[in-house]
Each structure stands twice: as structure tokens, then as C-alpha cells.
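This report refers to the structure that appears directly beneath it.
Chain naming follows the written order as A, B, C and D, and within any one chain the residues start at number 1.
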Amino acid sequence: MIHNILETESVSYTYPGGRKPALDQLTLQIPQAKKTALLGRNGSGKSTLFLQLLGLLRPDQGAMRFRGQPYPDNRRGLRAIREEIGLVFQDPEQQLILNTPREDVSYGLRNAGVPEGEIRDRVREAINAVGLTHAADTPIHALSLGQKKRVALAGVMVMRPRVLLLDEPTAYLDRTSERRLLDELARIHDAEGVTMIMATHDMNLAYEWADHCIVIQDGACVMAGVPGEVFARVAALSDWGLSRPAVLNLWDAIPERLRHGHLAPKALSDLEDWLRHHLA
Amino acid sequence: MIHNILETESVSYTYPGGRKPALDQLTLQIPQAKKTALLGRNGSGKSTLFLQLLGLLRPDQGAMRFRGQPYPDNRRGLRAIREEIGLVFQDPEQQLILNTPREDVSYGLRNAGVPEGEIRDRVREAINAVGLTHAADTPIHALSLGQKKRVALAGVMVMRPRVLLLDEPTAYLDRTSERRLLDELARIHDAEGVTMIMATHDMNLAYEWADHCIVIQDGACVMAGVPGEVFARVAALSDWGLSRPAVLNLWDAIPERLRHGHLAPKALSDLEDWLRHHLA
Amino acid sequence: MKKRKWAGTLAVVAAMALYLWINEPQSAYAMHIMEGFLPVGWAIFWWVVFIPFFMLGIRSLRKVTKEAPELKIMLGLAGAFTFVLSALKLPSVTGSSSHPTGTGLGAVMFGPLPMSVLGTIVLLFQAVLLAHGGLTTLGANAFSMAVAGPMAGYAVYVWLMRTTGKQKLAIFFAAALADLATYIVTSAQLALAFPSASGGFAASLMKFGGVFAVTQIPLAISEGLLTVLVWNWLQAY
Amino acid sequence: MILKQIDSYSYGNRLRSLPATAKGGFAASLLLLAYLTGPAVQAAIIAWLYVWTVPRAGISAKFYAVSLGSVLGFYLLSLPALMIEAIPEGAKMAVAANVRLELGGWQLAVTEDSMHLAVRLLFRVLACSSCFLFLILTTPMADLFQVLRKLRVPMLLLEIMQIMYRFLFALLQTASELYTAQRARGGHHGVRSRIADTATLAARLFGRTMSRYDNWTRGLRARGFEDELRLAPSEPGNVPAKLRIEALIGLAIITLTALLLPGGWLS
């Protein structure tokens, strides 16, 4: 049986001044230690859900549970949750607060009251892990976008969270930087068994990366399941405003007799290999 | 013979306080009425080049020509150029000025001294063309990113420019909004023969969209040619920090004997059709 | 009989207002005199007193923007920044929270006259977008917050820089005194409009001063501290 | 946040399409009457404007009540100073007091006059604020700029206001994002950390503002800005006959009442 680390039950939320709810009776479960992709168009409520999970916004209605326990309604309890759940914002400009990677990465630790000596070591380690040792004392505004995203990731990972929320982590990155960030995430997941939730509208990425998919439309969960299941629903996907992973469209175009008995490839590069071997 | 509407010759530029040149002896030609893709990693100098072409930054060295004439060095001459060359910035926030789409789209026309009656008609038409009729009087700050991008495009197109510079027009958009924007661009290109230059790091898009490609690395032009030529250089692409269009990689994976005599497909959907017909 | 009915009405309205206020805590811009609060004579009087300063401010801005039109953008951004700064909730040392005015920092950075124009626009925006303050009372509010505050802050800054040369000290007092000057002028405006029956203006000033001292003096200290910290950051930037 | 609510009502209400000059003129006339009349007429104005603002324009009654309630905050805060007289013990009371309290060496008293004042002030404040709320809840800022232009507000001021308004929401967004990020990372706990975090936020915001300055200057120039920000002229609009008649008749009745009622200006 899958254990769910986070659950929401009929959670609704409308921003002050908003005309329609950002979350509308949203019910979903996040399996522990898995990689979950949260799919939906711009404005479907993905970022709002993240702020709710972090306790930064409070649902107007509904309940949320972390490790089976209801969310606390006091500041101290929420702070404890925020030490276990880390959020990497879509735009690193939004999250980087201090002047250099070294200062910024230490921000959360200092707020949590970790002793200075330990801060120093953990910060050094976190900066090394994202490959920014040489830039640890460069002013953040002089870094490239890819580097800023890695600083943001280091600032969250240094807290050793058990759950990592990633809001469109690859948006705006060129292919090289994207690859690098994804490798870094894979390393973290494999080494530490962190539960990861990635909001994205890149279906190719979601299909390749995720163990579990949740589709959100207009603030409600319209489907959840393994990627193969979700992306098999061709007609529904277009209703949800989502495209289908290119690799699946191509796979379906290959005649049945050729692909009989083969598993659908996950990535275009897998399909390349397959074509190379099976059409030769 | 191809006529070049814009040319730069050994243009160099370093931002005040910058450590290395943003443009470094850049020489390139933009063919008239074609769709040119400007390729390069984040920070390779694409946006800087656009600001130069618009006369908003002045080269430290080198020369630029518009329709064969050297760039003017007086305000009036530059203003005349800016009425013929339109720039859609990467971030629409940067170019939206007034409160509502209707007000904002009229801004450039009013600066150019167009009579109010004509302004009203052209603005209405431009707003309809980008499909924002219903939101013409909504404050800009209440629009979504995709809508803001379309307002920015309308504000530029209403000036009827002969050259359209597009800085990462699809960045941050979901697939549906991206498709919509690209269709709009195609319509403009076909109807009015506008020269288009799109800076992008999405190689799939560039390969499918462009008639002509220019690759920029560290502020210098390292290659120019038709997309097929540029993307044939597999080793060079990775030196330039660029990926290869997925469709070409897949195409290359198909055995020579099957694709013999066929043109490489432009888009993944073309490849799908090909697979469906030729493997059956 | 009549008195009792009035007292009853007052009590009911006060209770309702208090209920709404506590349940939907609109952040308190405590020193903005609300629409309709000043007697009409005083509302006009403060407009008349305020306008000359405002015109001087406009004239100084006209001069600089004629030479460099881009400065208009800088001014607009500075105004937007001041508005947002004044929308931040600042914890005050007593545990309650209130809003900084930002006028001290603005006066030091842009000069007191330009700040009088920007401050007035900020007040107008607060009235229109936040429903704090009003149009008839804009003259009085602008005089206390956009004229008296920046002038006092700037004067203290210049004086402390000249006598001590200690910049942080000067910044602290500029910000804190800009706040305090606003508070004192507002109290005086209210006392003039509503003199005490038995003690006249002086007694009324004590009363209004006393009521608003609870929020404003801690806020002035907080704003002084905040401004010094912001200044440090800006220096490092 | 109240700002977003007011802003979103201002362009999303059912009276938005009426010309701003008409709404402004209506609110200003009523404001003047509210200022110059007594509680009875003021109560009528409050009720009439409630009808215009809540059922007619479609502003939620709860939001309207909350807005008026927050307006009353200042009134309530001043109430003690307005009503309570403090007199040293032994000094002679100048006026008759209703309530009297001895405290230390002082007598605290609430006089009849001060109670009258408080009640009159309450009605005036509510009536005037209703006028003002009607205007700001039904008229977007962009339309108010047009009114200011008709009132001959200096162009320079309008240009600066336009730029401010354009950036306000972007900067507020940035500020709220930074605040959210700070809280997500454990910031803003305790007074000391809240002041320090607020300072960091302000400084960051300043940095962002300045980088916007460069970008936006380019954007403006790209679209032909030379020395003046040319604003759009106002769009013509009409007040439906029914509303115009109701407004004019209402104003006439209130003016006549103010003139003729016992205690009015002419009586």
C-alpha cells in the first residue's frame, strides 16, 4: 500500500479580490518518497496549492494533512512544517533574499536557530552540491538564471526537507541548464528519498520524470494516476488544456505490429534508440 | 539574390560596468520578408542585439544598416526607424505603459501623431486581431501573462512595422497560449510580408518556424544559414550550447534505406504522419 | 431622554464598527484624517496652507524633468516604491503593527520638495485605492505627512550631518522625526478643529496627542530602525 | 488585500461604464451637501448612496460595511479625545457634565456638548465617506485620471501618477512574493527578525525598482517616448435617462430640504 505524506480534502481558496476560486474543492494525495508531477495550465491553481501546503495561505474550507496529522493552526506548528517542506519558487528572483549565494543559503538555517559553526559547514556543502563553489561569494545579481535557480535549490536543500515542492523548475532555462538541474534533482531524490512534487506544464518532462501524475483544472483535481494512465487519455488531455508527450504521439504512429510486445519509451532519446534497433 | 533589410558589421558593445562585451565584433545580415531565428544560450547577446537594432543602445564600434542605409545618429532619424521596426520584449511588463489594452495599444500611434479617429479604428482592429476584444477595458495588471504578451504584440503591430523583433515570445507560456501566439504571427507574416526575427533557445520551435537561422555565441555570430544546414552540424551545436531539434535526432535514427529520397520532416507532427504512412 | 437615545446610538455604532474593524483588520493608517472629519472651514484652511508648498514642489520637478524627461519615470517609480513601503506592516516595539510613512527616507534621497509632491500622490492613492483618508482632508493630511514630515526629517538630517557627521544617526533621526512631526502636526490639526470646551486648544492637543502617541511613538522608533537597516543594505548594494 | 478588492470592484462593477465626470460630479455635489447639512439629511444621503453602491453597482454589502467600518476606525480612535474633558480637581467646570469620574487629581467628564459633537460628527463622517466610497468603488483609477485632467491638474503630475499606478501592482506583487519567500524560509518571527526582514525586503524591492527603471525606459523609448507621456483621451459615454433623472431629482430634493427644513439655511 502506498503511504501518502500529504493529503488535501475539499480544499477551497479564493484570493482576496479574486472573482473565482483559485482552489475549488481540491482533494488529492501525494505518495511518500515518489516523484509527483502536478499538471495544469497557467493559472490552474498549482502555485496556490504549494502556498497552501506550506501553510502560507489558509484554506477557506477543507482540511489538509501532513503525515496523517491535520495541519496545525498555530504559528509554531506551521513553522515546524515549513522546516520539513521546502519550496523552490518558479522565479529565483522571488526567493533569493540576501546578497551572495553563501549568505542567502544560510538564511533559513539562521532563522531556524542552527549554531553558526554548523551553518558554515552545511552551507558550504549545499553550495558544493549544486556546483557553485567558485561562485559562492559572487553577488547574486551577477549570476546567470541557471545559477540563480541552483542557489535557490541549495537554499532549500540545506534545510534537509523531507518534501520538496518545485514550481516550474525548468521554466526559462536553456536545454543545457535544464539538464543540469534535473540531474541534480535526480541525485537528491536517489540519495535522500525526498518526496518531490513538481508543478509543470511541460508534458514531455512530466512523462519522463514523474512516478505519479496529478492533473489540476480550474483549482480542482480532475485526474490522478501513473503517467502512462494519465497520458493514455488523449481526448481528456485536450479538454484539460494539456498537450500529450511528443514521444507518445510518435509511438502511437508506429504500426502496432512493430511495437507489439514493447513498452512505450519514456523519452525521445529512448525512442531514438528503439528506432535505431528495431527498424534496422 | 536575397535582399538584406538589416545588416550589422563588426558591432561591439559592452554594458556600462560590464566585464565582458555583450556583442563582440558581430557581423550578420537579416534577409527581407523572411522569418529569421536568432539562436543562442541565455546571455549570448540576443536581447542586446535587438536593442541595438532599435537604436536604443549605440554600438561602441562597428556599423549597422537599415535598407542599405547607415543608421542615423540623430533622434529624429532613430524615431523614424523605430516606427518601421517593432520590438516585442521578452517581458511584456517592460513595454506596457498605459492602463488598459485599449489605452496602451493606442500609445505608439499617439506618439506618431496619428489623428484620434484613425487611432480608434486601428486600435480596435489590432485588439480584435489578438483576440482580446472582451478584455479591451480590463486593467493590464489584471490580465494573465499570455494576454499581456498579446497586448504587447498588438501595441507593436498596430504601428504596421516592416520588421518585427520578437524576444523569446513563447517563454513562460503554456502550450495552448504558445500555439495561439504562433498562429497569430503566421497570420501577420503571410498577410503583410513583415520581416520577422525571433530570438529563442527553443530549437524545436526555431527549426519548425524559421526560414533562416543565425547562431550567436558570446556576442559573435558563429553561423548563419537555412535551418537544415545549421542543424546538420551536430558537433558544433553542442559547442554552441544548443540542443538539436528532437525531430532531426529521431529522423537520423531511422535507417537510411527507409528515409532515402524523403525530405526531413520539420515538426514532430510531420514525423508522426510520415511514420504512419511509411512504416505501415 | 434625548441624550440617552444619542448615547445609545453611539454605543451601538461604536460596537458595530469595532466589531468590523477587529474581524477584518484593515491595516491601520492611523494618521490619515478621514473624509468629512474636519469642519469645512478647517478643511479649506489646510488646503490653502498646503498648496504653496505643493506648487514649489511641482516647480522644482518641472525644472529637472525638462532637462531629463526620463526622470519622470524615476519619480513615478520612487512614488510607487514609497506607496508599497507604506503598505508594509511594520512591527512596532510594543507588539502592535502599523505602517511606516517612508517620508523621511524619501526626503533624504530625493529632497524635501520633490518628496512633498510624491508624498501627496501617495496619499491620494491611499485614499482612492485603500479608502484611507479622503479628498476634502487631503490638504490637511498632505500638509502633515508630505510637507511637515519630510521638511522636519530633512532638516534634522542636514543638521546632524553637519554637526556630528554620523550618517546612521542622522538617518535614524530623520526617519523617526519625520514620523513624529507628522504625528504632532496631525494632533495639532485636530486640536485646532476640535478645541476642548474647558481647556481650549492646548488641552485638546494633549488629548489628541495622548491618544495617538500610543501607536505613533513606537512606530517612529521602529521606522527609524528600519530606515537605518534599509540604508545599510542600499550602501552595500 | 483591500487594495485589490477596491481595484477589482472599480472596473468590474455595473456602473463602470458611466462617464467618470458624471459620477465625480454627482459624488462631489452630495459631498458638499453632506458637509453643509445636519444628521437627518446626512442619513438620507447615506441610505441613498447605499442603494447606488450596493444593489445598483453590485458591490458586496459585506465589503461595503467593512470599508465603512474601517473608515470609522479613525473616528473611534479619536472619540475619547473628542468626548472626554479632563479638569484638575477643584477647578470649576465650565459646562454641565453628564458623566463624571474622579481619577487621581483629575476629574474626567463627558459633557452634553461633546456628545452632540460626536453624534453630529458620526453622521457627517459616514455621509462624506459614503460619497467618497461610491466614487472609488465604481470608477477605475484610469477614469479618475481623465477627471483630474479635466480639472486642469498639471500634466507633469498626471504623468507621474500614471507611471506610479502602472508600477504599483508589479511592485506590490514583488513585495508580496518576497514576503512569502521569507516566511517560507522561516523569516518574520519575533520583533527583531520582523524589522530586519522588512528592511531586507525594502532594500531588495528598491533594487528591483531600479532595474525596472532601465528596462522600462527602453520599453518607453521603443514605443516612441520622447519627452511627454501622452495619455489616452476619455471615451465618450452616456448616463441612462432613468439614472440621470433619479440623480437630478434626488439632488434637488436634498438641496430643497436643506434650505427649507426647520433648522435649514433659510428657516
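FYI, a contact is a pair of C-beta atoms (placed from the backbone, for glycine too) under 8 Å apart; a residue touches a chain by one contact, two chains touch by 3 or more.
Fair warning: this is a prediction, and the values are worked out from it, not measured in the lab.
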Joint neighbours of subunit B and subunit A, given as chain labels: D
Distance between chain centroids, defined by C-alpha means - subunit A, subunit D (Å): 43
Cα-centroid distance, subunit C relative to subunit D, in whole angstrom: 16
Residues of subunit D whose C-beta touches two or more other chains: 2-3, 7-8, 141, 162, 165-166, 200-201, 204, 207, 212, 216, 220, 225-226, 229
Shared interface positions of subunit A, touching two or more other chains: none
Subunit C: positions in contact with at least two other chains: 237
Contact graph of the chains (line, ring, star, complete, other): other
Touching pairs - complete list by chain label: A-B, A-D, B-D, C-D
Of subunit D, residues touching subunit B in the complex: 7-8, 11, 140-142, 145, 162, 165-166, 169-170, 212, 215-216, 218-226, 229-233, 235
Contact footprint of subunit D on subunit C as seen in their complex: 3, 6-7, 9-10, 13-14, 16-21, 24, 26, 28, 30, 32-37, 40, 58, 61-62, 65, 69-70, 72-81, 83-85, 87-88, 90-91, 93, 95, 117-118, 121, 124-125, 127-132, 134-136, 190, 194, 196-199, 203-204, 206-208, 210-212, 222, 225-226, 229-230, 232-234, 237
Residue ranges of subunit D in contact with subunit A within the complex: 1-5, 7-8, 12, 174, 177-178, 180-187, 189, 193, 200-201, 204, 207-208
Complex contact set, residues of subunit B against subunit D: 51, 54, 56, 75, 79, 82-83, 87, 89, 91, 93-100, 102-103, 106-108, 110-112, 116, 137-142, 155
Complex contact set, residues of subunit A against subunit B: 41-43, 144-146, 171-177, 201, 203, 241-243, 246, 249-250, 252-255, 258, 268-269, 271-273, 275-276, 279-280
